[in-house]
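Below is one structure; the comments refer to it alone.
Here the chain labels run A, B, C and D in written order, and each chain numbers its own residues starting at 1.
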Amino acid sequence: MSLLEVKDLCKRFGGLQAVGNVSFTVAAGSIKALIGPNGAGKTTLFNLIFGALLPDSGQVWFDGQQTDGWQPHQVVAAGMARTFQHIRLFPKMSAWENIAVGRHVHSRAGFLASMLGLPWTRREQRAVREKALDIMRFLGVEDRADVEATSLAYGQQRIIELGRALACEPTLLLLDEPAAGLNMRETSEMAKLIARIRDTGVTVLLVEHDMTLVMNISDEVLVLSYGEKIADDKPLAIQKHPEVIKVYLGEDDA
Amino acid sequence: MKALGITATFIFTTILGAGAPQAKGPTIKIGAIFSTTGPAANLGGPEARTLEMLVQEANQKGGIGGYQIDLVLKDSGSSPEKAISLAKRLIEEDKVFAIIGPSTSGETLKIKSIAEEGKTILLSCAAAEAIVNPVASFVFKVAPSDSHAARRIFEQMKKMGISKIGLLSSNTGFGKAGKEQVEKLAPGFGIQVVANEVYDKDATDLTAVVTKLKAAGVQAFINWSIEPAQAIVIKNARQVGLSIPIFQSHGFGNIQYAKAAGPAAEGVIFPASRLLVADTLPADDKQRSVLLKYKQSYESHYKEDASTFGGHAHDALLLLGKAVDKAGTLDKEKVRAALENLQGVVGTAGIFNFSARDHGGLGMDAFEMQTVKNGKFVVFSDTAAKK
Amino acid sequence: MSLDLFFQYLVAGITYGTIYAIVAIGFNIIYNTTGIINFAQGEFVMLGGMIGVTLHALVPMPVAIAGAVVVTMLVGALIEMLFIRWLRRPSVLRLIIITIGLSIGIRELALLLWGEGVRALPYFTGTAVTSLSIGDVHISPQVLWVLGISAVMVAALNFFFARTLLGRQMRACACNREAAQLCGISAKNMVTLSFVLSAGIGALAGCVISPITYVQYDSGTSLALKGFTVAILGGLGNSMAAIAAGLLLGSLESFSIWVMPAAYKDVIAISILLLILFVRPTGLFGNAEAARLKDY
Amino acid sequence: MARRRNLPIVVLALAVIAVQLASAAAGKPQYLTQLTMAGYYSLVIVGLTLLMGYTGQISLGHAGFFAIGGYTSGLLTTYNLHPRGGGGLVSLLQATGLLVAGQDLYGGDLLVVRPWAACLIAMLVAIGIAYLVGKPVLKLRGHYLAMATLGFGTIVYKVVLGSSLVGAADGISDIPAFPLFGGVVVTGKSALRVHNYYLAWGLVLGAMALLTNLVHSRVGRALRAIHGAEDAANAMGVDTARYKLNMFVLSAALAALGGVFLTHYNGGIGPSEASIMKSVRYVAIVAVGGMANLWGALIMGVLLNFLSLRGSFGSYDDAVFGLILLAIMLFAPDGLLRVELVRRVPGLRCVFGQERAP
């Protein structure tokens, strides 16, 4: 059964067709990778699925609901979470607090209850902190809990950002270039981590340039070029796909 | 905790350090609240300078009623909330004998009840009728009433056969008070206000406003303001080709406005105290010597032209001195009673005759119709106007 | 309403508009190189007018104006060097509050120096009552002076920023400070220069408008508010847009007086400005990309 | 954690009592007048601190909300309905007990809205306006947000200055005292000075307790997240638009509350309370206090307002204010109470440096 279904999604910026008529599905419990040259419209597609951008036309169906036109926070409440290509951690907040923000949709203290400091809000606060620390343990960074997040090493910042998305308890996790800027060792650890996350039952859709990572962990790969889908298949088939080779190696060599 | 302690200590040392200066001999402590800064600085500035100068002069000559004056001068920045705080401070903490000021009606009205409850004489330098009507026993005002100015203007208009006028006023307390009086009194003189506009005191240009007057086809207009913008009105009116008579309020009584409007100000008619034309008054004029003395000492002291507003501070101190003299004591109630019964005191604004029902004291004759001729203020005469 | 009156209101609107626009241009220059709004810009205008009037007592008017511009430029340079230059990576909000503090400080100094009196330069052409007339529509020649000088100023600035090396260097700093520094441009000097330039422009504006508006120690504040409004309405950083926006705002104010009490002139003008901002969140001619770059 | 958070509140409560006792002991109870006024202004400042320092949204129009609160309550409690006594609406209001009859200072008959009702209406009006204004305005960013809030402030200022209903330039005078409960009355009468002081500071304490709780809650974390990276906060499920709006409305409500109480305390209000300079002052005090530092803003606010209201700076009030602003922004941009010294001394840190501590 497909958890996410994208139908004929289109988005133009002025004269530029960023995403044109893209349709695909992501099966529950799988890892799907989204690849393509720079400027192929991968991040735009992400933003359209996530609600950060409004599509010009087309539909997004997530978990049986039509979610296009929703705001990101509504999409998150429905069970999606994402990370960013350029790390967007909250400055002046510690690592665990960053992750705790991810618990937002799973806690409920509002303005009034929080101001009054009602006992249940305090209990909820403690539970949020425990959950955040649990996630840090799962990611193996529990010793950095109280460090200001933006002062961590780059690789660790990526992990905290991942943890923040996990804290949303998503059924579908969107990862925008999770290995960007990481060295080889860190990249392979990231790959293992993503596989582990999938094993906990989370469906993953990721954008990535590192082909080793993509081919190692993906169940399916979708290739975009100039905003259009040119292939959507198993990794091995993609590697042999003539059009993909043309896009990646240039037309002359094909 | 420590820092809070330090802050508290700091607050208290600042407070306790601010004790009154040591005075020699019997003293009378007078408080003053003026808008030395802020939107009404044009009023408060000359008032504060006048009072400082006169207190210094008086103390050299033995003070008032034999008492050295201890002046506590405060700047309200034209804010009522600050005037309230300062009035409470002066009355309760500095325990002043009387308060001179504030400069604006809005501030005065806010502290009227504070002075009344604190049984402290308040000599306001603002003009609004509401300051002395209804009468509060401790509250007086020394500025001439707007209603008198308005009546003088209307009388002049009648003489000139004007019945359809425009009214412009600035969006300050001075403008507002005048606007109310003009609106109230015009029907009684058979004069119709067909255009009535309030303009911003910070206006940069007022062509559109005078255009509206022009469109309304008025025979003359009154421009009631205390701020520089009133000169812009005069200029713009002449620029758009309005050649009708322009009447100003006594707020025009500051030669810098006439200078600012340049040739446009020529022929503007306005009621004002005789201070502006002191040197042209006949030798037997009752006010002449008082006016000249104040004018000369202010102008030599500060190297700037005296204005009628500084004169209010002069009159307030003068009246207080007379009352203390007459009462012969520093009993607030007795001095208040003496003040209330003062008759025929010649001040810069006119001749003051107080009574239990009239805490304003000035009559219509406080005003003299004046005009601008060759860049100078002169007494207006109908024959001169025709020429 | 007759056609004459319509045009007379339009003339009034043009008068307001040119005054606002000439002040707004100064905002844009500092904004373009530093990304901050200099809330002391109005004080440059006031200083220009005050110094111009003071000098005019001694020397002929053109010399006095030139003197005022030069002195105010020096003040601008001094301010930048004393209060801005040595700060390490200041946040935008910090810079804004510093300029607010400077604005208050300069105003109070002016009060000490010149008192609360009102001053003005004489009209460049004619006197306070001179006006050019077409039918029953009248316009003061000084308004044409302001309009003309604004136009010359914008043309000169466009030439400076587009064609001269210095101007291009300043623009480079505005786009990307680090990259500009790598190319050997002294970003700090460019910031100083932008203060000097906008102080000079402010001072010139102050002199040109002073016959119309007069100048007083606190006249900078209200001018700055209007200038800021116009700069925002046009879209920050764009001086041509500022002139258009100035004329638009001025006309709005003027025609609002025709139908509504003059007391609500600003209420109407600002309400319309807010409505425009809600529809176009980056001003009439601004672009979203630039606005995002210069967040707090 | 909870205990550490409550410590400063307890310290403040003790300081409030200590100041009163000290002023009584020193024979200077008059200082409480200005401290009371400063307390009401502090309500604006702490609300604004949360909006600016934590949520990252600047407002150059908060004096507008203060004025809306004060003016609405002032107008309702002074607008004499007696001449319209026979009217249907007036009779209806009278029947519901919303009106109170009395006499003015000079013996005229008065029929005005009861202060309780006026206060509630004023708060509702301020909250309603904040909601209507905040919704579109908070979509703007940076300088454009600054301009829009400045524009709102200017509109309020020009409206109160231009409307004769609220006294135009003179403002509203002779606003009656506000009997709260028991014998507690909001009034400037010197006999009730001490208990008005405790009332004002009780409100400040209450506000501080509520806001400190808020800062340390799920909501506070979401607000700081919005400040740090708005899009990322939205991507974590925070309804950023709603949170910004709620915070804006909350800070406006606090400002209006200060306005209502100070207006009844002063017995009057004038347009200067709505002026842009006032709004700029509030923003500056927040900055001087250290932006995201409730306690710093509170202390700086009280100190500066207290001295200014006493006229301690004479005609140099604005100048001194400008200089303090400059000096702190140049040499201690994180606020005076955030200099290294405060951070290093543990005792001080638990009072001033606690917001950011995990």
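Quick note on the criterion: a residue touches a chain if its C-beta (ideal position, glycine included) is under 8 Å from a C-beta of that chain, and two chains touch if they have at least 3 such contacts.
Remember, it's a predicted structure, so these values are computed and weren't measured experimentally.
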Subassemblies held together by touching, chain D left out: A | B, C
| item | value |
| --- | --- |
| Innermost chain, taking as reference the mean of every protein Cα atom displayed | D |
| Chain separated most widely from chain C, comparing mean CA positions | A |
| Interface with the most contact pairs, given as the two chains involved | B-D |
| Distance between chain centroids, defined by C-alpha means - chain C, chain D (Å) | 33 |
| Centre-of-Cα separation between chain B and chain A, whole angstrom | 72 |
| Whole-Å gap between the CA centroids of chain B and chain C | 35 |
| Centroid distance [mean C-alpha coordinates] between chain D and chain A, Å | 43 |
| Shared-contact residues (touching 2 or more other chains) in chain A | none |
| Residues of chain C whose C-beta touches two or more other chains | 261, 263, 266 |
| Contacts with two or more other chains, residues of chain B listed in rising order | 37, 171, 198, 200 |
| Chain pairs that touch, as defined at the top of this document | A-D, B-C, B-D, C-D |
| Chain B contact footprint on chain C (complex, rising order) | 1, 5, 8-9, 11-13, 15-16, 19, 111, 115-120, 122, 127-131, 133, 136, 138-140, 209, 212-214, 216, 218-219, 222-223, 226, 253-255, 257-258, 261-263, 265-266 |
| Residues of chain C touching chain D in the complex | 37, 83, 87, 90-94, 96-98, 100-105, 107-108, 221, 225, 228-229, 232, 236, 261, 263-264, 266-267, 270-271, 273-274, 277-278, 281-283, 291-292, 294-296 |
| Chain C-facing residues of chain B, complex | 37, 41-42, 45, 171, 197-200, 202, 204-205, 207-209, 211-212, 214-215, 228, 231-232, 235, 238-241, 256-257, 260-264, 304 |
| Complex interface listing, chain A residues touching chain D | 50, 52, 71-73, 76-77, 81-82, 84, 88-94, 96-97, 100-105, 107, 109-111, 114-117, 121-122, 124-125, 128, 146, 164-165, 167-168 |
| Parts of chain D lying in touch with chain A, wherever the complex brings them together | 2, 209-211, 213-214, 216-222, 224-225, 228-229, 231-241, 246, 250, 292, 356, 358 |
